[in-house]
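To start, the structure under review is shown below, and the notes come after it.
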Amino acid sequence: MLVEFGRTRVLCAASVQTGVPRWRRDSGLGWVTAEYAMLPRATNTRNDRESVRGKIGGRTHEISRLVGRSLRACVDYKALGENTVILDCDVLEADGGTRTAAITGAYVALADAVAWMRDRKLVRSSPLVGSVAAVSVGVIDGEPRLDLCYEEDVAAETDMNVVCTGDGRFVEVQGTAEGQPFDRAELDALVDLAAGGCAELTRIQQEALES
Amino acid sequence: MLVEFGRTRVLCAASVQTGVPRWRRDSGLGWVTAEYAMLPRATNTRNDRESVRGKIGGRTHEISRLVGRSLRACVDYKALGENTVILDCDVLEADGGTRTAAITGAYVALADAVAWMRDRKLVRSSPLVGSVAAVSVGVIDGEPRLDLCYEEDVAAETDMNVVCTGDGRFVEVQGTAEGQPFDRAELDALVDLAAGGCAELTRIQQEALES
Amino acid sequence: MLVEFGRTRVLCAASVQTGVPRWRRDSGLGWVTAEYAMLPRATNTRNDRESVRGKIGGRTHEISRLVGRSLRACVDYKALGENTVILDCDVLEADGGTRTAAITGAYVALADAVAWMRDRKLVRSSPLVGSVAAVSVGVIDGEPRLDLCYEEDVAAETDMNVVCTGDGRFVEVQGTAEGQPFDRAELDALVDLAAGGCAELTRIQQEALES
Amino acid sequence: MLVEFGRTRVLCAASVQTGVPRWRRDSGLGWVTAEYAMLPRATNTRNDRESVRGKIGGRTHEISRLVGRSLRACVDYKALGENTVILDCDVLEADGGTRTAAITGAYVALADAVAWMRDRKLVRSSPLVGSVAAVSVGVIDGEPRLDLCYEEDVAAETDMNVVCTGDGRFVEVQGTAEGQPFDRAELDALVDLAAGGCAELTRIQQEALES
Amino acid sequence: MLVEFGRTRVLCAASVQTGVPRWRRDSGLGWVTAEYAMLPRATNTRNDRESVRGKIGGRTHEISRLVGRSLRACVDYKALGENTVILDCDVLEADGGTRTAAITGAYVALADAVAWMRDRKLVRSSPLVGSVAAVSVGVIDGEPRLDLCYEEDVAAETDMNVVCTGDGRFVEVQGTAEGQPFDRAELDALVDLAAGGCAELTRIQQEALES
Amino acid sequence: MLVEFGRTRVLCAASVQTGVPRWRRDSGLGWVTAEYAMLPRATNTRNDRESVRGKIGGRTHEISRLVGRSLRACVDYKALGENTVILDCDVLEADGGTRTAAITGAYVALADAVAWMRDRKLVRSSPLVGSVAAVSVGVIDGEPRLDLCYEEDVAAETDMNVVCTGDGRFVEVQGTAEGQPFDRAELDALVDLAAGGCAELTRIQQEALES
């Protein structure tokens, strides 16, 4: 499925594979993992392909891990059985917030894959124990702002990515001072704003899954 | 730009960079190169990412080289000056004929980039000396056929990729016997069929560029 | 310098190199970067060397980036001039909290290196605009706790790493739900606890630098 | 065995290994694969070793795949049983036409290996259903020419590699316009010339195998 | 365990793993291997990490092999059973003689690991058939000298590493002319000196193991 | 040039390149380096290509370094000027003693290259200050033996590689106990035998260079 937030476009796909990684075999538990990548021309100036350079960069690694960890927060490994779901998030066009768009879209792809597994009786009960959605928020000119595009992102003094469950709890809170360190009041304002944004996305995800 | 042939979808983008590879410096001549890749879920069963495996596979290398070589056939390096155009062809969905779709789409992306360069006076005269388009043809049950989808491709006894210029000459002819070797009559029939298919694509490319 | 927190031991070293990475040349600005790694026997069961596997794992990448970003928060690039400081953080023994120990120790190594540069007149004014320290906190059996050792870390429901400046503001807040998602009250309690821990570490860093 | 065409010298060796690649296991079918490489001083100016660079170049990949595909055209996988034959083609000296020399020589090495397998009763019937040989042809100053040496190869307007079976059918036809695109008449002339060259090589292969 | 010779400090650790490498399976025999590495700041000017460069350098490879080979000289593979001991030698600070310090320290780590295995009844009889120790010797200004520090090492005309068993026989003798070739008399003098040095180290190893 | 010792065959080539590695620039001194490799079918059972595996093995690294170091013993870097000679030693067939054959042959290739440089006035005086040759010796059934073939090599209790200059001094002495450690008498006997073998090879090298 293709997720679009402003001019950011991310293709999210879930693949179900029988079996789990070696370290998890014979545990009766499933696994969910994610791979995030950007096409070379997703940004305005071309980036070299990581396959050509022969190694994955730190940023790609970091985001892939974040996406996988976030999605695992809504999964019941026992109900999944010894199956692995791989979530591929490929950024076709990047204009800020690609990692949070990837998480939000990957949840929909995962829910679709789970529905497909239930149809084929590959799982008995639903391995989903909730939903996850994510937003990026930032402080610009002293003001907390939701969903920064690339230009705002660059200008932001503080940048925060928040992943929430559908019932409003937190899975991941990552705040980073880009320029000046931030104080407790700013931290609180950003968390509030993000929680509201996630709630709105949860609603949109449900609509997408129902249609 | 997004090229679609049947269910095959390839995203083709041209990036212009000042300067040329080291071996070509101070020659006054430009360079055109291409990188082809498939998203992991472009096919029905997921393929591992080449960036994760840490090396580019032989098939990817071979197709990237073919795309670059084909596009260079319509370029005047002198008119291009010491600039490099990189053509990125990323397969979003694969259902046969991805390499020929990539060549056909890359030409349109290249022509767009050349127009952009002319607008900004980065080149004086057009570095394009013609156009290129490509088709795949094959023999199925003894019959020559144009534009094979994936299932036909697998079933084909002979598989041929042909790249033509807009004036009907050949840039590349690659015929491979998948099952039985083919004879001269079959070779001739496939070349005829392909030449006709390329002529039709040339017309469609012109329309796309004019709109 | 060797940092010890409980049984965790991290060797932190700062190396000053003339010049900056290519993308920053001729800007008049310096750069600070970090590399984090674990010896194969830092943990109880041996880990394969990343040099032998030929690639750096995602966890190593993620922590190296966090350490670098945190230390850059207290650096004035202009005062540093076109010099690069590389912070090497090698974990000799790991018992929880290695990334926060690395940040706290790297600050002391950086301050030492800056003093050495000032002694040799390599910089005119101090490139340090403050100090940074980091702690890990977590929720165990519903209780917020500071400085988790490995066994507690594994048992923690929520795990948070917080990087503060010496004047009590935040550079980085990274909270992750390991088991159940956490609510706003837990987030607040953890942030409070972490801020107190960082203040204590700031004091210890000053003592170490004065001696 | 050492193949010599003009000053081109290629060492071709066939190795028989019990078992087949993972994706082919338990099919009852065998496999044939090839690896082509050049010694660093095969050419006049030294090329870096691909083992030192840590990756295989696109040209090497492309030729290895061509050699393997060509040789598989004369193999009956069922008669081969679950065995793998690896054909190593190492260019000691390169003066044009190394890929076609490799194919022609690899066939002789394969036929020798098959004879050795039959002697030891490793196969019941012959897994060879024919022979393959290959030539390179090109257009120089408007004239079709067989067996180009390096200097002619560089000067050629069109370059074509053709792989034929011993009974005169085509396994692979790869024509590439190096300078100007070629027309249908040139294509026909080159194919005719190549077919004649392959027939001559087939005769020489038989003589070599009989002695 | 941490070995210190002058300012050289090497951390040596032995890890016992059940099973042996693939090529040794089902032989009933064990295996001993070693990995040597230097921290980036072990030397005065920082060295790049081999994990970051993505490949192990020739010097590291060579020393790892020497350490493994030397230690295997005192091991009875049969008594070890199908277990593997990995000896990690990580140089924290380097001031000459790191490879011989690694061998001497690795023996103590190995003997400790063997004692641990005997305590847990993982082996019936001792897999150690003797001990090994190593020294580096060199000729400086015409004089044979034991235990060269880095500055002496650089100045040495001849450099020799000698590995002896506890009963005074030789496991490895590696003499290298750094400047002028050496004659037979110099070779003899160095071997005598080294044998004496190893005997002294053997005594120190025994003391360390008894305490 | 092709060196043959018994059934061992090594192709040795010297390539002269203008310039030296980065760390040696502007020193006025030249450099000599070597790369050793084995073709996959040099041995009786095929070895995987290091280019395919994507990394160079420890044995290859170790031998390349030994060959380079040995050849540098007879070179005057000042007379060579800022030129680099690369010695490629490719083993076509291996039956013991490949590293010593490589050194002995590389010297002849180097002397040829030096003569070529003198002819073209690329150097004023000869950069060769002597010659080097190498042999392998071993103890078999208690008897010292020269030039072990592969089967003897495997059976040898002690294995020693010795590199001598043409005037009978030692450049490298590498003795390794394969089974039992060796005593001083054995060491002496092997060194004597090797010195005699090198003297004989020096004579043969001179003959080869004069013809």
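In this document, chain identifiers A, B, C, D, E and F correspond to the written order of the chains, with residue numbering beginning at 1 in each.
Everything below uses one rule, namely that a contact is a pair of C-beta atoms (placed from the backbone, for glycine too) under 8 Å apart; a residue touches a chain by one contact, two chains touch by 3 or more.
Quick caveat: nothing in here was measured; it's all calculated off a predicted structure.
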Partner chains that subunit B and subunit D have in common = none
Given that subunit B and subunit F share one sequence, their CA atoms superpose after a rotation (degrees, nearest 5) of 120
More contacting C-beta pairs: D-F or E-F? The answer is E-F
Approximately how many whole Å separate the CA-defined centres of subunit A and subunit F?
-> 57
Centre distance in Å when subunit B and subunit C are each reduced to the mean of their C-alpha atoms = 49
Centre distance in Å when subunit A and subunit C are each reduced to the mean of their C-alpha atoms | 25
Residues of subunit D that touch two or more other chains: which are they?
-> 54-56
Traversal of the chain ring from subunit C via subunit E = C, E, F, D, B, A
Would you mind writing out the residues of subunit F in touch with subunit E in their complex?
-> 55-59, 61-62, 64-65, 69, 73, 130, 164-165, 167-177, 180-184, 187, 191, 195
Given the complex with subunit B, which residues does subunit A contribute to the contact?
-> 11, 13, 15, 17, 35, 37, 39-41, 46, 49-52, 54-56, 60, 86, 88, 90, 92
